[in-house]
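The data blocks that follow each hold one structure.
You will see two complexes here that share chain A, one where it goes with chain B and one where it goes with chain C.
Right, the complex of A and B next:
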């Protein structure tokens, strides 16, 4: 099955939908593996919100594309180069600081993204945004509070958080290299970057984290389906069952 | 768990005006974490609109070995129950 994308709006929405999906899968890896029971449930809850968000977005995409493919096709039948998530969210759960930092950086971005999409011309998308913004508000409370605990916690937690940030910042620059599609469907691209930089710098300065000059990796853009090496491993686990048993059905 | 965490008792109110009911406990390092953990564990199926978390050491309870002194004296005072009245005629729904 070769998945095709014909409409510009669908092409644009894949960036948002895939970002939600891949982050959801990364967080789902922590189900039963989080540092303690309550956090396990908290992370799994956020993961489920993200899976739900991705599914709704794939449904909207499917409608735009004339229902040639289902959300399951989009999730399970595409290869690496056919995913358009930001590289930040495919980075692994190296330790808890990575998980939280990745989440925080994503949530700050997502809040402004969905705020702008809530004035979209697509009514289904607007309806989804009001629900999603509440979820993001909560997720942001969770990830931001943890940034403070880790940054201001112990010498060890501060060091690990600084390491996570230094690594993850390498994948941020591409997010703000907006192209014509972004400019067509976001109401104010420049504001996405402005809001993100302000909030990230504000929090870092309050938690004894240094915002170093990070050289971005010279990798090609996620908008063209380019990834870090981690995506293949993630997809191989996520897609294993329907790839191995193509006739399997949800029951 | 490592040092620093403590147990918090969780109370959920189904809707405004109803009493808060004890639903269980969570472990957490601070107030914010306690209320968020409680939200994730006890309200994810629309169980309520309001939450209390109380550090377990803030709850005062009767020491177990004092239970006899506290509660047994009530056992032989059945007259404290309002069951010795003749219901007036015409009262159907008492």
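Right, the complex of A and C next:
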């Protein structure tokens, strides 16, 4: 099955939907593996929100595309180069500080993204935004809170958080290299970056974290389906069952 | 506060739906939870519109199955279930009677912006949050500073 995307709005929405899906899958890896029980539940809950968000976005995409494919097709039948998530969210759960930093950076971005999409002409999308924004706010409460606990915790937790930030910042630049499609569907692209930088810098300055000059990796843009090496491993686990047993159904 | 008047054109079907318990909080039913938004009929077909509590609520699919099962049991053969996301579900749709049922069952019901959380065991408001995430997406985990009872709180969601 070759998945095709015809419509510009669908093409744009894949960036948001795939980002939700891939982050959800990353966090699901921590279900039963988080450092302690409450955190296990918290991460799994946030992961569920993201899976739900992705599912609803794929439904909207499917409608726009005339229901040629189902949300399941989009999730399980595409290859690496056909995913359009930001590279930040496919980075592995190397360390708890990575998980939290990745979440915080994503949540700040997602909040402004869905705020802007609330004024979309697509009514289904507007309805989804009003739900999603509440969930993002809750996730942000959790990830921001952890940034403070880690940054201001011990020497070790501060160091690991600084390491996580130094690494993950390499994947940030592409997020703000907006193209024509972004400009068509976001109401104010520049504001997405402004809001993000302000909030990240504000929090870093309060938790003894230094915002270093980070050289972005010279990798091609996620908007063209380019990724870091991690996506393939992630997809191989996520897509294993429907690929091995096509059209398998729970009975 | 968002209050949406529901036109209960088919009271009999609404009664049947009120027999379907919430799979995660069985003390209340799906109508009380506010997830049933509309009931329509087209000839013999019954169309029930529901809205999820949270976008990733794992009970979403179960809601549909339970509703379908109940209506088939009541003799409706053709049941269609639609989902709507707008207006977004919120805890203002829970009535005072529903909240009282939750409290009696040991789940602290949602209060104004989560400011005061009451212990369902001793009714003290001297309580603390243990985890912002509880056993279901709609609950958080608390404990009482007076009677030491640990309990679930149904988060205020607006």
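The rule is simple: the second predicted complex is superposed on the first by the 249 of 251 C-alpha atoms of A that agree within 3 Å, B and C clash if a C-alpha of one lies under 4 Å from a C-alpha of the other, contacts with A are read in each partner's own complex, and residues count from 1 in each chain.
Here is the rule we go by: a residue touches a chain if its C-beta (ideal position, glycine included) is under 8 Å from a C-beta of that chain, and two chains touch if they have at least 3 such contacts.
Because the structure is predicted, anything quoted here is derived from the model rather than measured.
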First, second, both or neither for A:36, with chain B first and chain C second: first
Comparison of chain B and chain C by chain A residues contacted: C
Which of chain B and chain C A:127 touches, first, second, both or neither: second
Contacts of A:141 with chain B and chain C, given as first, second, both or neither: both
Which of chain B and chain C A:224 touches, first, second, both or neither: neither
Touching partner for A:45 - first (chain B), second (chain C), both, neither: both
Touching partner for A:149 - first (chain B), second (chain C), both, neither: first
Chain A positions touched by chain B in one structure and by chain C in the second: 38, 41-42, 45, 138, 141-142
Complex contacts: residues of chain C adjacent to chain A: 52, 54-58, 60, 84-89, 130-135, 137, 141, 157-158
Residues on chain A engaged by chain C in the complex (per definition of touch): 38, 41-42, 45-53, 55-56, 123-124, 126-128, 130-132, 134-135, 138, 141-142
For the chain A and chain B complex, residues of the former touching the latter: 36-39, 41-42, 45, 138, 141-142, 145, 149
Contacting residues of chain B [partner chain A, same complex]: 1, 5, 26-30, 32-33, 36-37, 39-41, 44
